[in-house]
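Same chain, two partners: chain A is paired with chain B first, then with chain C.
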Partner chain A sequence: MSEHPSVAALRARFGAGLAAVSESCGDVIARVESGRAHEIFTWLRDDPAQAYDYLVDVTAVEYRDPELPLEVVWQLRSLPHARDLRVKVALDKAGPLEVPSVYDLWRGADWLEREVYDMFGISFAGHPDLRRILMWETYHEGHPLRKDFPLRGHFSRAEQTRQALAANPEAHYSIEELSIAESYDDLPAEMRARLAHGERGAV
Partner chain B sequence: MAGRTVEFALSTPVLDQHGRVSQAPLGAPSQGEDDLHGEHMLINIGPQHPATHGVLRLVIELDGERVVRVIPHIGYLHSGFEKLGEYRHYNQIVPLTDRTDYLSPMANNVGLALAAEKLMGITITERCQVLRVIACEMSRIISHLVWLGTTGIDLGAFTPFLWSFQQRERIYDLQESWTGARLTTSLTRVGGMMADVPEGWEAGLREFCRTFPTTLREVDTMFTRNAIWIGRTQGVGVMSAADAINYSLSGPMLRASGVPFDVRKDRPYLGYETYDFDVPVGEHGDIYDRYRVRLEEMWQSTRILEQALDRLAKLAGAPLNVSDARVILPSKSQAMSDMESMIHHFKQVMEGVKAPPGEAYLPIENPKGELGYYFVADGTAKPVRWRIRPPSFINLAALPTLCVGALLSDVIAINASVDIVMGEIDR
Partner chain C sequence: MGMTLPEAATGTTTMSEISPNWVTTRLDFLVNWARKNSLWPMPFGTACCAIEYMATAASRFDIARFGMERQSFSPRQADVLICAGRLPFKLAPVIRKIWDQMPQPKWAISMGACASSGGIFDTYAMVQGIDTIIPVDVYVPGCPPRPEGLMYGITLLQKKIAGETITDTAMREEHLVGPDGLFVRRERLDEISEPFGNSVQQTRSA
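Let's turn to the complex of A and B:
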């Protein structure tokens, strides 16, 4: 089988920036260096011979073997060339869990990156609004899709219920919402002071 | 008798002899409401609100009636399906897919089985392919019918809701007699199907295909040239083709904006390239075009169903499941009488179907858009990672952009046009 045309072009242009190429079940996977990832994505999107204009998915993988690094996975698609490419960046668990955001290239990355951040604790540098999306903002138990997160959570069902019932209602509004327009000034002074400290009621 | 203000088409108010207004001019006052002074207002809709189609919460910042900003809040239905999948055999994940996009469970089942088969390198039988096409297209029709009915209600049209739910019920009856369940179908297995269609079932689906277009024609008569419907939908929630691609929209949302991408045509699976059907594409990217695309897709699904039924008749008696004892359970009588079959049965139930190390992403064209399942396997019977590429999650992410500058009442219409299902968004 002939090599994926984008892989050949990537190797010619970025050399060592393309760490490895593999194939699994017919899908081509290009592993790239985290530091050059954004540059590579920009080129993949803008070069007319590549034209990966459609971001299918952003996700992450943690393997059961704790020695293996975390992987961030981008599924790219070129509509003009009818081509798919999977790009991966490996993240050493000991180092900072951060990769560049592709929000500026594909707006579809907005919620996808927020979900990866929420579920894996991986930050996307350059994302304008990186906060939890499926879990609530004051959720403190960790990142559910990490392998060190127990299937049933860190607390018993009874404790989770107790915490939910004890939560302050304003904890469910974000600072951004509470500060919209004039409504912020209508809040009691005590609540404004707490919001200013970043406190939104214990959850 | 006290003087009463009468609305009358005049440019200036008419005063009575006491200097009070007796006739007020029609039309909007020249300046805005006194008490607002251009202040923005914060409106919370949901999570318990019928027009948010599930537990979606929208916080909307308004300047008068114009939307300045929309902040969606999701996650109220988060069940950790992707986490649960890492603790289950591939076949045990099938019931989880019923519960993600619960308006098209059979199509989700098919997607999952296809992804697992891609991972394991299994080629399914022709009869199985045809039955899966039937499952996918039946799901497309019921999902679009729910969309049509609920969107009609959101915009004040109640009758098409009754028509569409009547037709949906007929498919649910067929679905129930095939799978035993209306909603939690769990229809597929790796390498085959949970069950073949019962005897005489095809006749019921043929009858549906024959009579269902009547309802489509009625809906078409009711909506397509209806002045109220057009007024509420044309030019509202517009997204250009370039933006639709940039926002990763998929399914009818993408095609209504004029991008002719359909996974069934562009990344064919289940032999879709051999069926004769058209992919409707809009040009304005507004709610009206999304309605036209979905309506036409139901016609096309009926066409595909008829072709699939013809093929099914030719494949009568052909094997349904792959003949691989490591993947498909032996029949009960075999397992009880034959030693080897019993061992296979035991190993499959206790250990599950093992997938070789590797990874596979497989997209299918679901009613809501491109549903993709991404498996990463390490050689055991449980995936290391099971990722759902949720089409309505990604489509909903464009809602804040679609709503900016629209009226508050349009937010309901735009949200309805995205066709979301919270079970899939929150997973």
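Let's turn to the complex of A and C:
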């Protein structure tokens, strides 16, 4: 099989920024440096020869082997060229778990990055609203898809139930998620202040 | 059913004002007959059990035959909460609030293995039986239960309602979340949530 055209172009343009290239089940995986990831994504989206205009998925992997680093995975698709590319960034578990957000490139990254943050505890620098999305906001047992997270959670069932019942879910919607978004300016000042900062339920 | 008088009423014990007598048992019979045949269900469908619930409500099985003609999607106009499906911890305050909003008299049916015990989902995210959150009258086993199973549960609930009496005021008391923020005692909750069956075999990474 001939080399993936985007990989050749990436290597020519970014050199060492492209750490490694591999192939799995017919899909080409480009491993890139975390520091240059955002630059590479911008180029992949905007260069007419690449035109990766569709972000299919953002996810992360933690391998059972504790020596292996965490990986953040972006699955890209170029609709004009009918081409797929998987981009990975390796994250050392000892260091800060942070990668650049691609929210500014693909709006669809919003909830995908929130999910990765919620499940793995990986921060996306530049994300405008990095909150938990699957677990409730007062949840603080950790990040469930990490390998050091026990299947039943850290707390006892009684403690989990107590915290869940105290969660007060209505208090954690942002203005945009509430139907009152358009009438925000008409709300009483006290309520505006409360909603602007987002109430936090006691745990 | 109130058709036959309980022994306490026919025996030689002194009758106080609240003890069952001919008038109260006749009244019980009438009230219970009305209640059990006009149950308005509040469907709390979260998973595949809700599909079976829909089948139960649709023409082939048709729970309108039991007086459940009107599906009450408003808790304030509902009599019986049917939790059809697994309940994650995230929904625990929601079902609790719905239950608190329902006026007395009210009953709850826990439909399926997950609602009754957590089922196969012995995980960080799942309530291990909704009876740790709200009081439950009838448990319907199955994964998911067939409509016949749910209908059997409904008829069981009707039998239970038929045996109620207005002289027992404790029956209609609200069971609220306690000052410790829990519905059942902490030790009891931990005890009934312990892993069982295949669940004890699962591998854990930590």
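In the analysis below, the second predicted complex is superposed on the first by the 166 of 203 C-alpha atoms of A that agree within 3 Å, B and C clash if a C-alpha of one lies under 4 Å from a C-alpha of the other, contacts with A are read in each partner's own complex, and residues count from 1 in each chain.
As a working rule, a contact is a pair of C-beta atoms (placed from the backbone, for glycine too) under 8 Å apart; a residue touches a chain by one contact, two chains touch by 3 or more.
Just so we're clear, the structure is a prediction, and the values are computed from it rather than from any experiment.
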First, second, both or neither for A:L112, with chain B first and chain C second: first
Which of chain B and chain C A:L145 touches, first, second, both or neither: first
First, second, both or neither for A:S24, with chain B first and chain C second: first
Touching partner for A:M135 - first (chain B), second (chain C), both, neither: both
Chain touching more of chain A, residue-wise (chain B, chain C): B
First (chain B), second (chain C), both or neither touched by A:A164: second
Which superposed partner A:D92 touches (first chain B, second chain C, both, neither): neither
Touching partner for A:Y63 - first (chain B), second (chain C), both, neither: first
Touching partner for A:D53 - first (chain B), second (chain C), both, neither: first
First (chain B), second (chain C), both or neither touched by A:E3: neither
Where chain A meets both chain C and chain B, residue numbers: 64, 135-136, 144, 149, 151
Residue ranges of chain A touching chain C (in the complex, touch as defined): 64, 135-136, 141, 144, 147-153, 156-158, 160-169
Interfacial residue positions of chain B with respect to chain A in the complex: 39-42, 59, 61, 69, 71, 74-75, 78, 80, 82-84, 87, 118-119, 121, 243, 245-249, 259, 261, 266-267, 358-361, 363, 370, 372, 374, 376, 378, 384-385, 387, 389, 393-394, 396-398, 401, 426-427
Residues of chain A touching chain B in the complex: 24-27, 29, 53-57, 59, 61-65, 73, 75, 79, 82, 84, 86, 106-112, 115, 119, 133-136, 144-145, 149, 151, 173-174, 176-177, 180-183
Of chain C, residues touching chain A in the complex: 89-90, 92-94, 96, 122-125, 127-128, 132-133, 177, 180-183, 186-187, 189-190, 193, 195, 202, 204-206
